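Both complexes shown next keep subunit A, but they swap its partner, so subunit B is in the first and subunit C is in the second.
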Partner chain A sequence: MAKITFITTDNESITLEGTSGSVMQLAVDNDIPGIDGDCGGVCSCATCHVHVKPEDMEKTGAASEIENDMLELDDNVNEYSRLCCQLEISDALDGVVLQVAERD
Partner chain B sequence: MEKSKLSDPFENARLEKGFGEMNDQNDPVTMLLRLKDVRKGAHNWKAFKSGAEPGRIVVPSEVNIRDVRQIPFEVDPPEHKSYRDLVEPWFKRPLEEAYKQKLTGQINEIVDEMLDKESVEVVSDFSLRLQSRALTLLLNTPYEEAETWIGWGTHVFRSEGEALDGDKANILYDYIDDQIDKAITTPGDDLYSKLVTSEVNGKKLTKEEVKGVMILTFAGGRDTVINAVTNSIAYFAEHPESLQRIKNEPEITGKAVEELIRYFAPLTHMGRVVTKDTQVCEHAVKADSRISLCWASANRDASVFENPNEIVLDRKLNPHVSFGFGTHNCLGATHARQIMKILLETLANKVKSIDILDFEENIEDLDQFERKVGYENIHVKFNSY
Partner chain C sequence: MSQNFSENKICVVIGASHGGVNFAFSLRKEGWEGRIILFDKDPVLPYHRPPLSKAYLTSADAIEKNALKSAESYEKSNIELRLGHNVSSVNKSEKNITLDTGEIQAYDTLVLATGARPIIPSIEGLKEASNVFALRTASDVEQIRSAVNTGETQKNVVVIGGGYIGLETAASLKKLGANVTVLEREERILARVTAPEMSDFFEKLHATNNVPVLTNKNVVAITKDGNLNHVVCADNTSYKADIIIVGVGIHVNLELAKQAELEIENGIKVDEQAKAATDIYAIGDCTYHYNPHYDRFIRLESVQNAVDQAKIAAAAICDKKPVYNTIPWFWSDQYDVKLQMVGLSTGYNKLVKRIEEGAANKFSIWYFKDDELLAVDAVNNAKAYVLGTKFIKNKNTIDQLKLADPNSVFKPANLILE
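Up next, the complex of A and B:
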């Protein structure tokens, strides 16, 4: 069980609990605004972009090369960017805070 | 296992040079073939614009058969955003439960109808009809309208197998004009009515702009969806184990849809017009010349995709560009994905196997390359459980 907090682009804070699956799916299932997950989580659409709270980067780890290739063409990318379809929910993610990125 | 195969004609050029060259009606095109270059090209709308002469970014060029600007497709930022924001929520309706249920009903019905036949010509008897009926949901028009669109046949812009045909295109344009006029006189709940009553930047959309959105909706989702559906049937005919797997593991359906769409790349490429002298792959391209973003080639880029020429049904990392990339990514993608998802679920539950009886491939002539995009016709038999 992991508690995951999303901060929307309107600065609303929403905390959800999940046990498995991707963080993107958890967000989509709970209608977190700004997380669409159009491609269902195969790293093709970049509609699940979040900025991980800097101190939580240790828990999420860094993006893979394929993920970075997607992110580098996003105008709102920064060093804390992840596509949350690539974050698998596990106890290790408990407590992470994710800021939903603005859209281009 | 060869009949459903779509080979990759771009491999050598992609590896050796990274680009291809195609003459199209004396308006040549430099085709970008590598995934990274295609993505960067799509992202860089300042250097490679869409807001050119209407029809010019399409390959083969439609400048001789179309004056109307397709919207938001042939508009660049910043103007693009207002149009896209206007239509985006409408094109996300396929995610709504009621929409899914109606689409499921349509697809169940047409698959059931195919099950008892000795022979089905998939392109015209199945894919065209399925696509046209599903479009009534996207437009929110009466189901019966589909019969008109089915009557146009598979080639709205072409005579049988031939080059672009202005007279045939006019059938669609005249039809859309009529529908817009009806929506102005008696607005209802359909897309035409939504558009004629909408404003962008404080100004009502003009008839020309409404027409531009509607032409895009009809043209963009026709051959592409027909090819995706037809190619899926051919693939499952040769891979009954894949159908069985989706039945046993329905949770992979979403990944299977993305993988089939990657492999089929129903739209081979899309053009842009170069705004200033620049280079692609160390090759000079001049201002006002054309490049194209070759989605079909990018999707087989072995530097990104393992075993790119195989369909790996549950491929986990699949950054394909079949729906384009960036600003102009496919407006109809949500609808297309929903069609494919429901089609796969329905086939897996109702169809035990499919036999291919005979077929004729649809091969695109890209000058230096020839690419199979689907079938002119393919006769099959659907076998039920």
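Up next, the complex of A and C:
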């Protein structure tokens, strides 16, 4: 079980509980604005872009090569960027705070 | 626009897949306060289709894991989801639709998101053959999985048609342990959609994975010997098949559009706001629409198009006057290869191939018409895909020599000619 907090682009904070699946699925199932997950979670659409709160980077780990490549030319990319379809929910993610990234 | 422009209105959507579902949620977001009723004949909670031939086929997952939205999401957004209901007719003058059961539902705005269905070719003996499947729905996957997993023996599978769906299915069934052969009628696979280099690459990729992809194989008949099929080709060769997968393309679902007397040309013809007629919109695979960037009418079979048109139609209905202007994109996953495509390559007269060093199977094919970049196929190379997308959108002129040189920095500043 992990509690995950999303901060929307309107600065609303929404905390959800998940046990399995990806963070993207959790967000889509709960209508978090700005997370669309159009490709179903295979790193093809970049519609699940979040910025991890810096102190939580240890829990999520850094972006993989394909995530970095997909986001390379995104105006809103930064060192805390992740595609949250690549974050698998587990106890290890408990307490993380994710800021939904603005879209180009 | 009055404040409650839609308060007592009813929007009926036929087809609850990538197009219809995204449309319904977008319409709510745009401020529609009336009813939204989504009909689909498929009884399953709407799901992502792309994984059906990819990860979902090889997994043991239940289809709910692939749901587009959770059941609660529809409730929360007050979207009425009527699954397992086939819409049999549309009455445009009365503004209503009729279900198979005879139930009539009135509408103020109608959205056709009826998509497409697989073509089942008229091959002699195909109807009588055992274990013949197309791949479009969750139920197709259930049946294929169970046919492959029945009994102890390794199954022989013949895939008719070397398009993306056929090739992905072949790769997935190989992973499930079947003995798979792909038969393609043309002289190369993916002939309509990619350059010969790409066809070649995928033929070799399958061969390396012990899946023969055979071209110039026009299937003319299926004969049976007990439960075993023999797939017979025009050149008199024949292939044993416990299971036959038909992947030869799709027919657009146009019956309702025809009844509504909508303009039809290779699909339902819509304008830049996805409008087909007064109070009737059409989105997704079933549409023939104008693409401003390429300045022509096209029909696409892609999630991107279904989702983007859904958003456009929703905004248009809420009087926001959007214009559909996107660059098409698509992906395909086979074995450990990820293909990402952007743009439309039709009409290209020059190809540039860029091979990244130090990584196997990592390259990109760039389609140009003279100096204009039309499209990019990127293999295990998201960077090429992303760069290509940007260049196409911005109509940048690219230094083709540098592009082809793997030692030349793969960054916009280095590649764009001013």
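Rule of thumb we're sticking to: the second predicted complex is superposed on the first by the 104 of 104 C-alpha atoms of A that agree within 3 Å, B and C clash if a C-alpha of one lies under 4 Å from a C-alpha of the other, contacts with A are read in each partner's own complex, and residues count from 1 in each chain.
One rule holds in what follows: a residue touches a chain if its C-beta (ideal position, glycine included) is under 8 Å from a C-beta of that chain, and two chains touch if they have at least 3 such contacts.
Note that the coordinates shown come from a computational prediction; the quantities given were computed from them, not determined experimentally.
Asks: When the two structures are superposed on subunit A, do subunit B and subunit C clash or fit side by side?
Replies: clash
Asks: Of subunit B and subunit C, which one contacts the greater number of residues in subunit A?
Replies: After superposing on chain A, more of subunit A is contacted by C.
Asks: Look at A:Val23 in the shared chain and tell me whether it touches subunit B only, subunit C only, both, or neither; answer first, second, both or neither.
Replies: In the superposed model, A:Val23 contacts neither subunit B nor subunit C.
Asks: Give one of first, second, both or neither to describe whether A:Ser44 is in contact with subunit B, with subunit C, with both, or with none.
Replies: both
Asks: Which holds for A:Leu73: it touches subunit B only (first), subunit C only (second), both, or neither?
Replies: both
Asks: For A:Asp31, using the defined touch cut-off, is the partner it touches subunit B, subunit C, both, or neither? Pick first, second, both or neither.
Replies: Only subunit C; A:Asp31 stays clear of subunit B.
Asks: Shared contact residues on subunit A for subunit B and subunit C?
Replies: 38-40, 42-45, 66, 69-70, 73
Asks: Could you please specify the touching residues of subunit B with respect to subunit A in the complex?
Replies: 36, 39-40, 43, 254-255, 257-258, 304, 315-321, 323, 325-327, 329, 333-334, 337
Asks: In the complex formed with subunit A, which residues of subunit C make contact?
Replies: 25, 48, 50-51, 54-55, 65-70, 72-73, 76-77, 303-304, 307, 331, 333, 338, 340, 381-383, 385-387, 389-390, 412
Asks: Could you pull out which subunit A residues touch subunit B in their complex?
Replies: Of all residues in subunit A, those touching subunit B are 38-45, 64, 66, 69-70, 73, 104.
Asks: What does subunit A use to touch subunit C in their complex?
Replies: The contact residues of subunit A facing subunit C are 21, 28-31, 36, 38-40, 42-45, 66, 69-73.
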